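Here come two complexes built around chain A, the first alongside chain B, the second alongside chain C.
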Partner chain A sequence: MTWTDTLEFLRGPLFRIAFLVFIAGLAYRLIRVVTLGWPKDKVLSAGSKAKGVATTYVKAIGIFPFIPWVKKTFNGNAVTFLAGGMFHVGLISVILLGTAHMLAWKSLLGFGWPTLSLPIIDWLAAATIAAMVALLVNRLTHPVVRKLSGPAEFLNWTLVFLPMVTGYMMTHHMFFRYETLFSLHMLTVDVMLIWIPFSRLSHFVFYFFSRTIHGAQFGKRAVTP
Partner chain B sequence: MSTQIALDTFVAETGGWVAAQLEACTRCGICAEACHFYQATGNPDFAPVWKIEVLRKAYEQRMTPGGKLKTAFHIEKKIDDQELLDWSKIVYEACTVCNKCSMACPMGIDLGPLIHNVRTGLAAAGLVPADLAAAVQKQLDEGSPLGVTDDVFADRIDWVQDDWDVDIPIDKEGSDTMVVFSSIEIMKFPENLADIARILNTAGENWTLSSKGREVVNFGFYEGSPEHTALFLQKLVDAATELKVKKIVVTECGHAYDALRWTAANLIDVPKELEITHIVALMDKFVSEGKIKLKKGAFDGSGGIAFHDACKIQRRGGHIEEPRRLLNILAPESFRELTPNKEQAICCGGGGGVIAIKEADPYRFAVFGLKIDQAKVAGADTVVMACSNCRLQFLDGIQHYGSELKIKGLSNMVAEAMEGAN
Partner chain C sequence: MGEESIYEHLTKQGVSRRDFLTYCGVIAGGLGLNHLAPVGASGLPARLAEVPTPDLTAMVSRALQTKPRLPVIWLEFQDCAGCTEALTRSQSPTLVDLVLNKISIDYHETLFAAAGFQAEQNRDAVMEQYNGQYVLVVEGSIPVADGGIYCTVGGRTAVDIVEQAAAGAAAIIATGNCAAYGGIPKAKPNPTGAKGLTEIITDKPVVNIPGCPAIPESFTGTLAHFLIFGELPELDDLGRPKAFYGTTIHDRCLRRPFYEAGKFAKSFDDEGARHGWCLYKLGCKGPTTYNACATIKWDGGLSFPIQSGHPCLGCSQPDFWDGGGFYQGQSAPLDRPGVTMVGTAAVVGAAAGAGFAVANRSAKKRLETIEVAPGEESS
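Let's look at the complex of A and B:
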């Protein structure tokens, strides 16, 4: 079997299986949590829950990532805020606005969109990788984060780091043949996709629950969340 | 055995609301920086996320396939008795359930209520610290954790009426408003009774106390037991129903307000038309409606005056602007804000039952150091608050540190500055 055959398998059947596991797994997690029961809140509101929810999303998505010190807890966690922010912005930009990734999306969805130029994406990817390294160092040295970190946290980090690094190596033709690097990239992406529903990497799904609850609880009391 | 009960309770209380938030946590640790107990001691055990770790573990091990596999293959140890005892220490002694952590969480997880859930499991298992458990027992036996029995109540009210020369109606049918004091006020700050009575009388409020619903403090809420919480709340709602009042006013007590205003309707039947409010909101209303007149600047000229936001009356109570409006009349020149303030404020360190637990003293005093620093930075000579539990903690704290800070209750200031009082 050549690298080309391997690549065809990794980006073809295995990718489809991985994507299916990703979607089905997350759907299962979501349905299980939703069906656990949601008791009705019978307490009379003093303010508007909807307004609280709207405010918290605006603050969290619109302001918080760009002006982290609005939360007043910035100083003690500068690494987590800055590196964490950089990682998320970088990851989402590369996955959605990198030309190669857009083409992959296009083959899945049937339509494409404008992308950022390669040098910009390349710098973003490098910054994202650097941010991940900073987050790992923080995880190993900060007393609280170290206490919270078990094998699962380090495995999560590794399984996200590998697709990032192999992707970066691939665009720079580093060390190995292109097909080899592409295969490694696809393999690590497949593994990561399969792993997401089994891990805390799925937090992006539950984010919308906790953020909404937070906004509603503060809005109900007429307090700015 | 007790472990089993705690775990069963954790599982029983884990609805989608709890599970979704536990699933959202990324274990980033940012909440630690919001926690005054962690900030003051640097102990990573006090990180809010670590306080709910036992709830997360119980949820994973008992309710998720992954967690079940982990315990089946001995990758993760099942929760045992010792572990629960450790958690009893950190969630009761080093947490005031002030919910500041939820303001810091990038995922927006409402950590305070989740820590309350941990307490619920521990309370069901009988793992409440001895001092707190004794206070709960006292409230069950005598109707008050501070020993305000029927007789003591009647005596104290008589004494306040005589000594302060003020009318305090008891069990007056046909009243619009039932006022409930905390036993901290009845036993330690009796001037609150006199001053609040004078404010209500001057405003022409048709009000009464109830001899049946005489204790607003709810130690069941501190320990996290829904049964005890409901029992103590029911007494108040029953008393209000019996007296046919339209409104219950909670005086200067924070957690009692959280329990009655924001929790009661989800635990017991509360008549929909029964309004529950806090004395701070009522005083502000009296002023804006012109029912009482305050002497402008009555407290100016005696140094800086800052307001301490109580976690349960301001951040979790919603009465953030009212005390500021009052202070801007009472001391427009001298009023200054502590930093951080309002919904971001640092809790006094004595709430959530912490002040009732002797073993927690070193932690609550360590935390209080942050309040002293805040006052210093703001240039405040006096700190005002609307919570008698905070006030106890402040009095203990300034004694502990030998600080010169003066402490005042907001109701006392309003009564003092009131014009045409009778």
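Let's look at the complex of A and C:
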């Protein structure tokens, strides 16, 4: 079996399986989360839950990222905020605004969009990888974060780190032939796709659930929440 | 025929000594022999790299003056004769012209004048006379389904003919993607059970010169290599000579700087296309395609598909016909799951989720009824 065959398998049947597991898994998790139900109001609330939800999103996305020093997260462990922020911005840019990735989306969704030029994506990818390394070091050295980290956290880190590194190596034709690097990239992506729904990597969906619930709770003005 | 040397044969054909030496230079150049570094890198015999002041043209000339001419038997099966067309229509006088018209070809179904049983007899005669010396060239895939009945020549199946011809061959070359990897006849659903030559001939080394068609210079260069050194060139893991298939189209592409700069043509007649920008978004398979199109080019070095504005189809790679749409980005998955399949996956996942939720809820209710047993106060 040559690398060309391997790549064909990883881009074809395995990707298909991984993608379907990803969809089925997310649907499963979504139903599980939704059927947990909305907390019942036991007393009358003078506040507005909708307003609470709106406020929390404005704060989380529009205000605090730009004045992080007022938050305890930043003052307690700045690496988490800075490297974490860089990682998320870089990852989302690379996945959505890289030309090769957009073409993959286009083939799945049927429409495309403008992308950033390769040098920009390249620097973003490098910064994202550097941020991930910083986050790992932080996780290993910071006493509190170290205590909060179990095997799942390190597995999550690894399964996101590998597609990033193989993708970077692939665009730079580093060390191996292109098909080999492409195969490694697809393999790690396929594994990550399968892993996402069953891990905290699914927070790209469920973050919005938890923030909405918390925002609604914060919006209440009542004796007991 | 007989044991006359190639040089003697050429002289008889009216080739002057000056022309002969020019040919030798062309061959040395075509094989990349005029620099020693590629010679070492391509894994050619070490003695070549050790020549103190190598005059490679002279070396080629010596070989051609002393060696007997090389008989070639060219078989065609499930093909379009495109590789033959490419060879015969390449610029003249060239290496191609030398090999094709003046040195070799003894049996070629498209080119020779003979027909019917006489042609078959001629082939058998050549095979007998030069047993163990001739080069077998195969163009087109070989069908094996239903006993190989989908391709027969003179009442014999392709498998039968090629096995017989391969037995007495000194070297075997599969030209074009069909002969090398099955090509278009092997495309899904492959009704004839088409196979590449390496799947049929397993006991002898086969050199693959894939492409659709194969680049004439790659073919003749390989033939010349065998002629001069008496051995086959070093091959990559897909059986292709490294000298011609060592780098990707992308690596040597003239549009590569636009790829690096993120400048892409988005349709065939937009601003980008007119400026000659990268064709990656139009489905170019250059990054995974190993061939010499971007360097040797076509029509005597005039142009090649990407230069003239069309993305690379990846025709020197196995199963390129099924490797995703020609105009679909390389990074796209090979087949996208249909709406029904994605829907089914979502429904299965959701049903599982709902099942667990219902089970959990009823368990919780049971727990509550046990907790709020008669006579006790609810919390």
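Heads up, the rule we're going with is that the second predicted complex is superposed on the first by the 213 of 225 C-alpha atoms of A that agree within 3 Å, B and C clash if a C-alpha of one lies under 4 Å from a C-alpha of the other, contacts with A are read in each partner's own complex, and residues count from 1 in each chain.
Note that a contact is a pair of C-beta atoms (placed from the backbone, for glycine too) under 8 Å apart; a residue touches a chain by one contact, two chains touch by 3 or more.
Treat the numbers as computed from the prediction; the structure is a model and nothing was measured.
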Chain B versus chain C as contact partner of A:Thr56, first or second or both or neither: first
Which partner, chain B or chain C, touches more chain A residues: B
Contacts of A:Arg11 with chain B and chain C, given as first, second, both or neither: second
Partner chain(s) touched by A:Val145 [first = chain B, second = chain C, both, neither]: first
First, second, both or neither for A:Ala104, with chain B first and chain C second: second
Contacts of A:Tyr178 with chain B and chain C, given as first, second, both or neither: second
Chain A positions touched by chain B in one structure and by chain C in the second: 29, 32, 35
Chain B-touching residues of chain A, taken from the complex the two chains share: 29, 32-39, 41-44, 46-47, 56, 60, 64, 71-73, 75-77, 80-81, 84, 142-149, 153, 198, 200, 202-203, 205-207, 209-215, 217-218, 220-225
For the chain C and chain A complex, residues of the former touching the latter: 237-238, 248, 250-251, 259-264, 280-281, 287-288, 317-319, 323-324, 328-337, 341-342, 345-350, 352-354, 356-357, 361
Residue numbers on chain A that touch chain C, as the complex places them: 2-5, 7-8, 11-12, 15-16, 19-21, 23-32, 35, 99-101, 103-104, 106-108, 115-121, 173, 178-179, 182
Parts of chain B lying in touch with chain A, wherever the complex brings them together: 14-17, 19-21, 23-30, 32-34, 38-39, 42, 44-45, 47, 49-50, 64, 66, 102-110, 113, 261-266, 270, 272, 314-318, 320, 340, 342-344
